[in-house]
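Quick one: this structure, given as structure tokens, is what I'll be asking you about.
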């Protein structure tokens, strides 16, 4: 199951230490103007080595497009693309060939497939998300033309969290700090925490929040195509994600209906809601208000300290620390959250063209 | 988008006040033994009017199977089924024809389709979930043959919640109280809260927890078919759901990797984990431990009190309370959560047959 | 695999001797005006017992719609429908329970599923096509609004065939004779042949031709969504079909490119082709000319004479003639060919809305 | 619609003059042994420049695999691959930018997408079929392990055709002549005809026949997954194909049921049919006999002579002959027919694993 989307579809491929990662994007309408610099910039936001709090691996992650784009615009045919792998230290992983690292995919992949590429985590590597960023960037380019804007940001690292809602921050500032948090003071606390955790050879999780504005009324559909269910599946498919909530989310379970409901009113001829506890989606369909949601990331499983575990034969062994890894996935996951959101919104934008005869 | 599943697929139909609801289940292997009493009992658990804390509507919700079952066993062909609607008071809804109830699907459906069946919420009615219970019951029958068991329960209503993990309760007792909570004392507090909220013409939300045991190693797949993403999409597609988390979920974001990781050990030749913070899924694939997750339900939007809102023309109006509605969706949602989980697990059980040549 | 279509999708169910056949149609845009009499009339054209050359079984085949239609128009939600089975003589089939009739699906179904409903052919019965006619009728209603017209007709029965192309016949006359052939003299020869074959306890095949006019330029897509490939799959999925060709078809293999090519010319500002050997489709995409194709039907396998065959245990036995069957499937297959064509064209009409941003 | 298959799925990309063509193959079980030489050899059979009767273009068509294969075996993850384009003379096509060549996809693509890569036919180029050959070769490798063999051959070019059924030829000899016909004398006649047609600046069509042996009973499914419908869609999706028939095909329409039916008999405990007019498929499901079918190819539209046509503005113009093209597509289409057949059969082989619980 390497395809994501209904109409605008990404089919992805690639392992950490194979020749490259990439994919095919199908269902792309003709006529989208492609800004290659924008796409590369999105990849750069995801890239390791971009700051002192990310993995020191240096990968240029340059995308090569094979098809579907001609003279700067999409042609309506499928877009094939690849990012070649480089700077792989495959022999670093020789000692892991028959070892099951705790809370990694090693054991489940081996059990399921009986033959796997263990190097760098193989298909379970975070490199797999590169393809998502490429497809998401193309979706963003299309959405931007329509005035739809997607902004994700780090709202929590460990116990350090933003105390207010997104309205109180300037989300256009998130690129001004390494952790992609729209509050400079909190950002520094997060960075300090990451440094401290890293110095212990440990890792830490957090929450990414996302706001989508400018979405027209009508995206999403009843039953199994609810817009928030599609967003949720998209986010839960990102490595390390353990939870998703939109609108009031888990906090809303303690409210009464009279507190939770969003009243409609007539705003100069436009129907709007006075509050937005629904998170911009009602009955599974966008209502024109901001869509917002939160995504929980667990701490990365790879520690820079010795770990007790078992190998393929079931013998208990000690795994020595090595490799170049992030201590906190959040900063680099921000563009991935945005990319997945962009794919979902554009996919449903297209489907919504078919709702009426 | 009225189809759910990849191999074992439910395509559903039906509005609250049409002739009936139902669906077609495709991808059902031949040879599953069908216990019609079991299926009907699952429907009875979802049915309104089953207790004093649910809607007083009386609907028998008897399922009629048209095909795909012969002499007590599935034949491998598609299973068509219908539950006829009855006891509809369609004229109850005449006053709602052009009104947008707060936090309902009225406004978004009307905007999207420009023509809708407003009676009883139409396709956005909770009656839509009947089809899911039928398909889920068939999946359960298949899973039970393999020793896979799915148990959901109400773990929170408003601020009343269970304080311990599922290991500390006997989940086979949940049918012994109206609210489907495995702790009698907490159950009574939940029931009291629901009565109180109802007396105020208000509604209340809560959390349903679910545990799946006996799942073999290997269900789920990399990238876009992660087992928890499929479970999340399934749950988020249920009416009123606002959040989903599995394993340690949102709580895990505050942990360090060294606290979160589940150590492997050799348990008499079987590889197991000492803890199960991962919630039975690693790298998107089941690892043989219990799968557990939590689902957040908002309070029902329909209040039994007057409400200010707008109509189709944008005029502000007062909507008078009427109708027969639940004050808390949780008790009736327990079998729906189980049904959706069963469909996902059985679907992936089938897909996993194809993982190796 | 009981779903047909990409956007406009029919998921069908039903066996010959179960409670009924039916389906769910998804992807139907809101706002299509539904003429129930038209739909029923299409079913009547497919119904057995409609003339002396069809099976004498009397089935009313009345369709019941459960959902998706409100106040005479589609609502954009899925349309569930059922046609109840009646007039079944299930005991007629007791003798066939363990027998494999020649060139039927008995042996292959039994081998594949090991458990099957043998009565009336079960899922392989021609009753399965009822659902297609219903969905096709809804597609036709939508297409007719846009000026797209689909006409199928019997062009050959055994060796009796029409000698000229469709331009030379008035296709609106096909309902004026039992065999649905647009030439009265040939029609009578076909009817005579069917009577003769029937008197011998035998059956006969033939060819149905189909013409689709008014199709806009642009339906279909490159690679795997070529319009003729979708039409071909649709036709080959009808019981008894053994071949499909469009445009010049098999006859074109003997031509040279200079004879086959269709020259473009400017017809008062509209680009047209002088000939239409391509059959209205070039590069898999409609070019605005008439689409036409031919479908080969083999003779029905059920003979009204004794037949030598084997049973489940492999013993050779004699199967006595009985039952009420057609001697020639062609007349009743004409509306099925039209229905399948209508579904394909409407499906691609919808998809084509997504070709450009 | 650039994805083919249900479980074993190819998603393809690529234009004639872009950077390359390729695809992603998903649903590949782990453990298939990959013989890279075999795959390259299949590509060589499709390659232009392989003989004096094919296009003189020289393309090496070497496939690069990016993922999904490790240490010589598939890993169960998606297989990404690319064949870089080379030897393109893009400027050869400058004169065609705004011209609609007769019976090409120029006009329909331009109308549908309004922006297209015209060079070398863009996505409508026969280079698109390279990806199919790669995916088909992997399917063949899997099928060969199970004793399933697929052989296609040229049975007709223009009016030169084989006079007997496939039983009378040794199909393993087809690589011994340029035209891939299993009869040396007929092959020479075909080659002579192609030379003659080429000398006239013209082109010629023909028929490819295909035989699949060793298929187990049970592949295919009722309703919309009939094995022959899937094969038909596969073949009709190949460039230039105008018709498909299996078993007795169009010839069978003149037969009576008593002549057409295949009698079952007990062959030492195995149920077999005495004749095989059904072409190895009954009720849409393989019955263990040989599957055979025929595919009609029209003459290639590109002539090596001047042609009258229109340009984008609708002006009538003369198109001068140029370029390096085949005069007959048949010899190079043989491996494509085999590849598509292999994908269908392996896809259904996998699906059939799910038919029984």
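Structure notes:
Letters A, B, C and D mark the chains in the order given here, with residues in each chain numbered from 1 onward.
One rule holds for everything that comes next: a residue touches a chain if its C-beta (ideal position, glycine included) is under 8 Å from a C-beta of that chain, and two chains touch if they have at least 3 such contacts.
The model shown is predicted, which means the values in this text are computed figures rather than measured ones.
For the interfaces B-D and A-D, the C-beta contact count is higher for A-D.
Distance between chain centres (mean CA atoms), chain C to chain D: 26 Å.
Taking the mean of the C-alpha atoms as each chain's centre, chain A and chain D sit 39 Å apart.
With centres set at the average Cα position, the gap from chain B to chain D is 46 Å. Across the assembly, chain D contributes residues 1-3, 12, 30-31, 74, 76-78, 112-114, 123, 222-223, 355-356 that each touch 2 or more other chains.
If the chains shown are joined wherever they touch, the resulting network links each chain directly to all the rest. The part of chain C that touches chain D in the complex is made up of residues 1-4, 6, 12, 100, 102-109, 111-114, 123-124, 128, 156, 158-159, 197, 200, 202-207, 217-218, 220-226, 228-230, 232-233, 236-237, 242-250, 252-266, 269, 271, 273, 277-279, 282-287, 296-303, 305, 307-310, 314-316, 351-352, 355-356. On chain B, the positions that touch chain C within their shared complex are 1-3, 9, 11-15, 18-24, 26, 30-31, 64-68, 70-71, 73-80, 82, 112-117, 122-123. By the touch criterion stated above, chain C contacts chain A in their complex at residues 7, 27, 29-32, 74, 76-78, 142, 145, 222-223, 350, 353-357.
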